[in-house]
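Following this message is one structure expressed as structure tokens.
Read from first to last, the chains carry the letters A, B, C and D; within each, the first residue is number 1.
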């Protein structure tokens, strides 16, 4: 490359940088050639240098496959990739980069680039802002928020030849990626069965369930439960024989994603961030039920699942602890942007938490009503006495009450 | 046939109760003096683990108070007796008897002949909505139905006062609401004196005529709130503004007690204090 | 805790513990506790119950009740047990035990040594049942294969193995050790299997959810989860092992407490017989207590939360 | 429901009558104060017992089966989900149900497991597996059992069964009759427990077999000493389980009964006793297991007849296959008795089976 600073000036992001900053950047630039089909870096590996494409074309194969089209994903000369090297939070959004043809790119070490930009007080920071803006743009069409769940005519019959108990019948609704869906219904309306089929503990006898377009449950297809959809159980499933720290680090260590030391540091930071620091060495039996519930949610989040399944987690807690846990769950939800599938008996809790409320009938469980809750986020407890909330509650309480009375008379007992 | 109007008044004067040897003495109830009005639904609420159940046991006569006395309609309470019905936290139905036999236990023990007792038991089971479940064992009934069978078993003795120690704790939210409404119907119809213990604030205010707020351990009655919501109540009252005010008031009193209980290191109170701190502070 | 509003009431620290009214020093509590135990009616009642039993026995022997002539009184047994044999210290005939089977004689110690040695060997061998029980609980296939033959051989009384054991093992010691192993092996395996079945299926689902493979579920859920039952199995195994040790020694042994009871019966030495019987009981109980202490340390997660082990 | 109840009680009464007559016919010969000396004494008694039971067994069989069938047919069954499931299954033809129960993969595997053990046992001798080859192969044992000189055709074997079962029965029932009230008494009144429980505690850890020599001294006939040792075997277990049962009866149930106006008597019979019944039954089942263990050794040492003695006798005669036959029959005996006690117990506590 002849006039490297000149070429750099043409790059859209370094537009009005000073001459000498450009020279300094050009100084740390080294040219790299890649053959056709070569992999520059893989998902999860954080690249340490930013690549400015000079010739050829580069793309993200995994994203193409996920989104089924290549618009906006192929990089042409003059564009950038490997932004994660520069922008800190991009770490988790890194996707494999593969060269479609013979390419030449000049690599700039991210950390040194940041120093150079910091040395230039005036325009350096503007360029940093551009990088952040680029990250937001990238995030726009990169489906960062996975976890869209769609349930098509799901049906479940227990012991078809024998007692033939129809638990769930023709139930279909969609949960937007990153949305919070709550299923409400009396005991015995098949909501736990639905959750078990999504999590992969039970098989469906009719219909399909897709997670991000991937089929995860269908009749006759026994899929293994995986760390991409983690369940928080009703009466808590913390291993009583492990300390709190061992419980939380169980996921990453067992999947061999992190070494024990790494997992422990990650767990400690997450616990501090979430506010339950200080109980690392205690056993689950020694901490209060509210605290146990929080440890369990952290244990699920550390594995970075696509969807979080909650099976009436707050049922055993008394009223005030339950209200704490609601706010706590919403905080975690905003922080982690995971899709949440939540089932409960308590209508008020459902409306307060959810974007989408699914009301189920008693056995055989059918979808009685779908309510989109348009309350503003972040939601605080004062919302409970707001007019919109009461309207929503009025709208659903008749239906739910009627179902509850039917279940109450028939003496329905939890089957699943 | 409801008991005659003027009975069922419990009066506790300076009742204290201590457990354990003198080197690990634990005072659970410390000079609690209050009156359970007759014909009213009195609800006791306090931070969990503050000795509410011990107070109920004292009134029911299972344990004698270390000092002070408890009078029911004037005479002192010696041991448990037919005139005080007790419903426990976990179902105390006899698993080896069918629901009909469970309900017939009271009259049988009193010595009335079996045929009459059987008829009365069937009538009561029908009244509580358990028709057709007479010869089922308690393990075959759902939570709500077990609770109703227990109520029927106690009502057959026409007690003067009903003592209920967090009876709806194990039930799920919906069955609990239905059982609360059911209890209100029962109370409004027969006007027994009821002493109801709970740790849920919404449930307490929804049911109560008089709300007794207890202090942390050692327990004594801190404050008595009269709940003047209209009778007969249904779940719409939950969204009325008066309900909100009452709830706020009770919450304030309860918060101090929770902090004291928490200072004494009770695990359960930890969640309550944090919950409330977040609410009042963060809100 | 910083989030707690400092409204009227300051939020005290987490560690404040509830103090009893009057603080007593540790030693004082110990003294009070023993004093209370001693002054309790039940303690004395128990004591005189035991004394009455032994005095009654002694009187029955003295007054020659029918069938009691061979059963010497406990007093003479105690005398036998504690007094040295002839010629050890003095030659005063009143101060010596006839058979010398007691604290001073060597026979008692060798018997205890032999019995305990056989029991511990058998106990170690029977611990093989733990992995077998765990595997059976883990994989349904293993369980199907192994459980049927296991269930067929379990009801065979251990002592009926004596003749076969003597035939199978040429040496003197091996049949008895084999006998005790067979007895406690079935108990340990069955209890471990019950332990694995008692684990709440929620834990398996949680582990599978967190992405653990079958082997990791075995290591992290099945083994620790079944621990409480494994210990009960060991305890029962120990009891049954003692049981069949006595049987085995009576029939096939040379040294050991069981053999001693039969030998004492042969030459009508009742004190020896009673000493051997009570020693068996005492040592059996000691080993049980030792196992429970081990259990309390290993199951820290259970004992810490105050649940009954 | 009426016919079923009548059939059930008629069947029970009929069984008791036959058992009583059989026992009575056999009883006067069982405990003469001085049994005829030597080996033939007890064997002679056993042979008489066997003939008495065979006679009354034949008379008992036909009507009892008839009554049982009537009872099972007439029994109305309430629509509990578990029963619904069995009713639904019964709708399917018998063939498929049997095929489904027998041919499913689990039973096949367990059959394979048993077969594997038999093959190893059979092949051990020629192959020379170190320890197992000393045991006579399976074929030899079966042949020894069924050939003309084998035990199957010998009266001694069946008489041995009868006398062994009689000893087990009497020892066990004695343990029940004395143990259960003792356990209940200790469970209820603390003072009585404080007084006599320490003595019990001293003798509890001692294996019952260690009592054998002392029992032989104490009891006039060898028969009674065996029964005493069997009694001790079951007694300790039953008492301990009963005491645990009384302690585990839910405190709130006793209080509920009190507040329903029950007196002390009602509380015991209607609350405490039914509450302890399940643990009494578990205690009885475990006790039965232990009685079989004790029986074997007691017969080997003190007895002159019975399955245990037969095994020892064939060992002293050097006939090892017959020893294995004895062992196998004792195993079968133990299993059957425990199963009977367990099933009887479950019938006594119908509420337990339902959840």
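Please note the rule applied: contacts are C-beta pairs under 8 Å (C-beta built on N, C-alpha and C of every residue); 3 or more make two chains touch, one makes a residue touch a chain.
Everything quoted here is computed from the prediction, not taken from an experiment.
S.K.: Need the central chain here, defined by C-alpha centroid distance to the all-chain C-alpha centroid.
M.R.: C
S.K.: As a test of whether you follow the contact definition, which chain pair has the most C-beta contact pairs?
M.R.: Chains C-D share more contact pairs than any other pair.
S.K.: Quick one: report the Å distance separating chain B from chain D, using the average Cα coordinate of each chain.
M.R.: About 48 Å separates the centre of chain B from that of chain D.
S.K.: Between chain A and chain B, tell me the centre distance in angstrom, where each centre is the average of that chain's C-alpha atoms.
M.R.: 44
S.K.: Between chain A and chain C, what is the separation of their C-alpha centroids in Å?
M.R.: 54
S.K.: Need the CA-centroid distance for the pair chain A / chain D, whole Å please.
M.R.: The separation of the two C-alpha centroids amounts to 60 Å.
S.K.: Please set out, as single numbers or ranges, the residues of chain B touching at least two other chains.
M.R.: Residues 270, 274, 278, 282 of chain B touch two or more partner chains.
S.K.: Among the residues of chain D, which are close enough to touch at least two other chains?
M.R.: Answer for chain D, listing residues that touch two or more other chains: there are none.
S.K.: Give me the residue numbers in chain C that touch at least two other chains, ranges are fine.
M.R.: Where chain C meets two or more other chains at a single residue, that happens at 3.
S.K.: Can you check the complex and tell me which residues of chain D touch chain B?
M.R.: 78, 80, 250, 252-253, 255-263, 266, 270-271, 274-275, 277, 349-352, 354-355
S.K.: Considering only the defined contacts, which chain C positions touch chain D in the complex?
M.R.: 41-43, 45-50, 53, 67-68, 70-71, 140-141, 144-149, 152-153, 155-164, 166-169, 240, 242-247, 250-251, 257-258, 261-262, 264-265, 270, 273-274, 276-278, 280-282, 284-285, 288
S.K.: Inside the complex, what are the residues of chain C that reach chain A?
M.R.: Contacts found on chain C: 3, 200, 202-203, 205-213, 216, 220-221, 224-225, 227, 300-302, 304-307.
S.K.: If we count contacts the way the header does, which residues on chain B are in touch with chain A in the complex?
M.R.: So the residues of chain B touching chain A come out as 48, 129, 133, 141-142, 144-145, 172-175, 177-178, 199-203, 235, 239, 244, 267-268, 270-272, 274-276, 278-279, 282-283.
S.K.: Mind listing the chain A positions that touch chain B in their complex?
M.R.: Interface residues on the chain A side: 186-187, 287-291, 312, 315, 317-321, 323-324, 327, 344-347, 349, 380-382, 385, 390, 393, 397, 400-401, 404-405, 407-409, 411-413.
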